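Each of the next two complexes has chain A plus one more chain, namely chain B in the first and chain C in the second.
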Partner chain A sequence: MSSKKGTLSRVKTREKIDGWLFVMPFVISTLVFFAGPLVVAFILSFKEYSFLDQNTIWQAKWVGFDNYINAFKDPIFKRALLNTTLYSLGVVPIQLVIALILALIVDSDIKGKTFFRVAYYIPTVTSTVAVSVMFMFIFKTDGLLNKFLKLFGIPPYNWFGDVRLALPSIMGMAIWSSVGLYMIIFLAGLQDIPHSLYEAAWIDGANKWQQFWYVTLPLLRPTFFFNLVVSLIGTFQVFDQAYVVSGGNGGPLNSTMTVVLYLYRTGFRDFKMGYACAIAFILFAIIFILTLIQKKLFGEETQYQ
Partner chain B sequence: MKFKRFVATATALVIASSLFVGCGKKEEQSTEQPKQEKVTITLGCWGSSPAETQLLDDQIKKFEETHPNIKIEKQVITGDYNQAMQAKIASKTEPDVYYLDVFQAPAYISKGVVEPLDSYLDMEDVKDFEEFLLEGFKKDGKIYGLPKDFNSLAIFYNKEMFEKAGVKEPTTWAELEEAAKKLTKDGVYGMALSADAARFIPFMLQAGGKINEGDNVAFNTPEAAKGLDFYFSLIKKGYAKQPKDLGEGWNGDALAHKKVAMVIEGGWMIPFMKDAGPDVKYGIAKLPKGDKEGNLAFTVAYAMSVNSKHKKEAAEVIKFLTGKEALKMVAESGLAIPSRKSMEKLYTEKYPERTPLVEGTKGAQVFQFGANTTKIMDALNKAGEKLLFNKVKDGKAALEEAAKEVGQ
Partner chain C sequence: MGKRILKVLFYLLVIGYAIISIGPFLWSVITSLKPTSEINNLAIDFSKLSFKNYVFLWKKFPFARWMFNSIWVALVVTFGNLLFNSMAGYALARIEFPGKKALFLAILAFMMVPGQVVMVPTFILLTKLGWVNTYKGLTIPFLTSLFGIFLMRQFFLSIPKSLEESAMIDGLSRFGIFFRIVLPLARPALTTQFILMFTGNWNSFLWPSLLATSDKMYTLPVGLNSFYGQYFQFWDQVLAGVMILSIPSIIIFLIFQKNFIKGIATTGMKE
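Now for the complex of A and B:
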């Protein structure tokens, strides 16, 4: 008996080792390409460093919290943070509402729903740079949008060149291009809701609207939470659209300067990698706190079955 | 059974360890090379037009013919060159020789990543280079890069529109304004002007202003403000439009699509117009004179990495690629103005209509403003935008705000 037990535990240890060996490529690549850089970036955020420095990261000058303190004194960073917040406040709710409506449509029994599912999802798989360039054609002074508005007698406008309109224009573009992703997730959530619940509601005399309000929405809560978190993180990290539309400078007059665009510029253009890392961690802290708040508000797991 | 396990484990370990090796530093090549052995010099450059690529390839080919012991391996860096180069420098894997834009030169030089070239150069020969170009790559009297070629700004104008309106090439500010006014008709504007410091700085210089004094800001003067005000007055009076307001990507498009009669651009317009506006007959005129002449020169040098293992050979490459033979090829290609005085004549003889581009370099300054170059450019660009959107009352106020921003 005892010897058999010994063999068994030996087999178990073996299996453990084998298991680790199998996941090793993933573990190592995560450590090397994700966790490692994360730690290094965190250390760098307390240092004065640029990639062009001849001394190594470890030899770079330690400046304590200076980078973090400077960020909150930096008017452009504050502007970038404001822009990013406005962008997020505008994009997230509109995006989720539209995505939910689209999901409800393609979940219903309309004709050609497969076509619509694909059509709405296509912008998501298109490169954001390609989307940005396309929108620049639509929004340019003699572009599609202005030609369309002309039909109603509205004079042409240089959308991306206007201090007040540049950011909203980018927001419109972001909503259009990412709504498909959230639609797909909502769709999965909708199809997860057991049909029996709707039948029960129907027998109880609930109309379509009541069914949506009292069955669909509460059961969609976990999906909604997931989408909210992902969407908020995504919008706070907005970079490519702003980069392409403003030609990399966040213009006109910093109206499209986002936190990540500013981070990129300080790190690579102004050669202040330490400062850029500090900005990255401030952004991380903001996103982390927001996610915790959301979890508190929407995140409780509720089982209805 | 056990053997199979062993093989599986070993394979997994090998795969895992190969991941580590891949990330580690490459084994250093032995420095003691036998004399006859071929040395490979890597050459970092950005991707450019097919014509320019062909030119560089031809130059490399010629070099390899005359230097059988050195092989040049071209590394074309796509995407953001400056960003990619920084990553390479940080990991000490940068090419031995690489393109260095004059705009980035102060940062690279002051960080000590480029090798001073003085000890490899024949100082008599160096005198042949245009001094104001070389200045952009000097620090404390040492030379850190040899300019390969350059371009300056000029007025590119639509000949037909000029004839129709009876306008001659403007040579002064007053004439420029008059011409722009006359040419603005039938939905065409006199000029395309953008709120871009790289285009309005020449006017600040022409008014007698300065941009920087060493590493300090020097643009908050009445003279510089006068130049700025003149430039934007052309837009405010309606004789000029921003390319974006015309639905065009940049000045070049506006000229190619016949939406404006004049633009201020450089030699890169020539190949561009060939493709984008082959039916537009255009002429090139010198920038107008304000109180004096003023222009910007855009140049790129070959610089050597301090980490290069074959510095002697790398210097050979730089000297050849900026040498008379290679620059003769530049002159003949007409793609840019050769950086050597002795070769400029060759360029103007072959392309007489481009003479204004070379003549315009009198009073030109390289596109670089000391250690604070990027900050100054950001601040000036913003000053231009503020004027355009009427956020400040005049050029003087805009420049004062800009000077404060740089000081921060």
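Now for the complex of A and C:
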């Protein structure tokens, strides 16, 4: 009896050790490259520090909330915040609606289903740099798009070079390139809805439209919430497209300056690293608040256990 | 009759979006095969198409080197993630150890922090370590992923325990169970991770553009951006570069696409 107890406790100790061995690579890597830097970034956001300084981070001058206050006085940062918000407000809803429609299409019994799934998803696996360059070719003043629009009598535009059109052009590009991801996730959600529910609705005399409205949509709520959160977070972090299209300077006239692009420039071109960290934490706060608001609005369907 | 018209309209929509979706690629491929003098020509003169832009980029510019860097970095990072994320995900799903709950809560909390927040200190750290502009710097900080661990945990929670229990009775250790029984069962989830990690890393631009400072260490996206910056008038060559960057990830996706869609459903990614 006692020996059995001993074995059991040995097994339990073994389990505890094994558990930590299994998570060890992740724990070390996260401490060194994420949690540690996160703390340092937070401290730096209250300091004036440049990479080129002779002194260390710890010796750098403490400036309190100055970096945060300056950010909201900085016209370029405010512009970046506005651009990013507009970008997000434009991209998220259009993206999700198109993604849902495409998911419904490739979930229905059309011919060549696999082909269309793949075709709609391909832009998503393509590098944003490649996509940006490709679109600049198609959107250039004497490019394919303007030639196509000319058929309808629309005059040519300099899409990425025009202060009013540059951001919307990037938005169109972003929608085009990431719709596939949300489509696939919607598709997985659609396939999870039990067939019997549709049969029951059909027996009750619900037509296709009513089935969609009363069965599909309510049951897709968790999927929709997931997509909404991922899409919002993703759009607030937009960088690649804005960087490539504007050659890294957010032009013309800061019309494509985004928060992350500005963070990159202040941190690594102007070497105002304390200021850059403050911008990073403002971005974090925005994303955090948005996520909380959505959780409130969409309820607690998202359960992890 | 009305139903037929509806069907035609439906297929027009389906095919129309497919054209919007892959049209830009087709147009870019064709242009990349043209000589520079033809790039603004809408008509395609098939006798003038050739692969000479690709040969030119390969021989006169470091595209081969960038390709090698991209492949090496993406493979190391992807396999590191597959191994470490599934180990951590497995422990969080199955093993009882002290601090497990706190660790999981930390993962959920950290997942909300955008990666750019740690950009400045991580860059300073990598500079101090002398890892900027090295393969170490491009790979080691990215070997695990919070989101990847989360997905693996959800997957392991969804598969039955019985096989593992009988293996444990047979005296297999945790590591034996993990490598011999659990990982083979996890193939759909691992395929999904493989595609997400490989294409994500292959396409990654922000970090490599910070960490690769000389053109010898560029990955393809960084290289293409710099090439575009200098040779933007030569669209035929630039677009050949676009294709060199995009085709490998498209091929990887085409190979695994069947399992990928299944994998997303089983990992419970949508929740």
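Simple rule for what comes next: the second predicted complex is superposed on the first by the 297 of 305 C-alpha atoms of A that agree within 3 Å, B and C clash if a C-alpha of one lies under 4 Å from a C-alpha of the other, contacts with A are read in each partner's own complex, and residues count from 1 in each chain.
Please note the rule applied: a residue touches a chain if its C-beta (ideal position, glycine included) is under 8 Å from a C-beta of that chain, and two chains touch if they have at least 3 such contacts.
It should be emphasised that the depicted structure is a prediction, and the values quoted were computed from it without experimental measurement.
Participant: Touch test for A:268: chain B only (first), chain C only (second), both, or neither?
Facilitator: It touches chain B and chain C both.
Participant: Would you sort A:212 into first (chain B), second (chain C), both or neither based on which partner it touches?
Facilitator: A:212 sits against neither chain B nor chain C.
Participant: Of the partners chain B and chain C, which touch A:29 in the superposed model: first, second, both, neither?
Facilitator: It touches chain B and chain C both.
Participant: Given the touch rule stated above, what does A:202 touch, chain B (first), chain C (second), both, or neither?
Facilitator: Neither: A:202 stays clear of chain B and chain C.
Participant: Can you tell me whether chain B or chain C touches more residues on chain A?
Facilitator: C
Participant: Just to be sure I read the superposition right, which of the two partners does A:18 touch: chain B = first, chain C = second, or both, or neither?
Facilitator: Both partners, chain B and chain C.
Participant: Per the contact definition in the header, classify A:298: touching chain B only (first), chain C only (second), both, or neither.
Facilitator: Once the two structures are laid over each other on A, A:298 reaches no partner at all.
Participant: Who does A:142 touch here: chain B (first), chain C (second), both, or neither?
Facilitator: both
Participant: If you stack the two complexes on chain A, which partner ends up touching A:284: first (chain B), second (chain C), both, or neither?
Facilitator: The answer is second: A:284 touches chain C but not chain B.
Participant: Is A:54 contacted by the first partner chain B, the second partner chain C, both or neither?
Facilitator: In the superposition, A:54 touches chain B alone.
Participant: Counting contacts the way the document defines them, which residues of chain A are shared by the two interfaces, the one with chain B and the one with chain C?
Facilitator: In the superposed arrangement, which is not itself an observed complex, chain A uses residues 14, 17-18, 22, 25, 29, 32, 51, 142, 268 for both chain B and chain C.
Participant: Okay, in this complex, where on chain A does chain C touch?
Facilitator: 12, 14-20, 22-23, 25-27, 29-30, 32-38, 40-41, 44, 51, 57, 102, 105, 110, 114-123, 125-130, 133-135, 137-138, 142, 144, 147, 176, 180, 184-189, 191-192, 222-223, 226-227, 233, 236-237, 239-240, 243-244, 247, 260, 263-264, 267-268, 273, 276-277, 280-281, 283-284, 287-288, 291, 301-304
Participant: Across the complex, what residues on chain C touch chain A?
Facilitator: Per the stated touch rule, the residues are 10-11, 13-14, 17-18, 20-22, 24-25, 27-28, 31, 40, 42, 83-85, 87-88, 90-92, 95-100, 103-104, 106, 108, 110, 112-125, 127, 140-141, 143-144, 146, 149, 173-175, 178, 195, 199, 202-203, 205-206, 209-210, 220-222, 224-225, 228-229, 235, 238-239, 241-242, 245-246, 249-250, 252-254, 257-258, 260-261, 264-265, 269-271.
Participant: Within the complex, which stretch of chain A touches chain B?
Facilitator: Per the touch definition, chain A meets chain B at residues 14, 17-18, 21-22, 24-25, 28-29, 32, 50-54, 75, 140-143, 158, 160-161, 163, 249, 251-254, 268-271.
Participant: Mind pulling up the chain B residues that touch chain A in the complex?
Facilitator: 5, 8-9, 12-13, 15-16, 19-20, 23, 80, 82-83, 86-87, 89-90, 107-108, 111-113, 195, 242, 244-247, 306, 374-375, 378, 381-382, 385-386, 388-389, 391, 408
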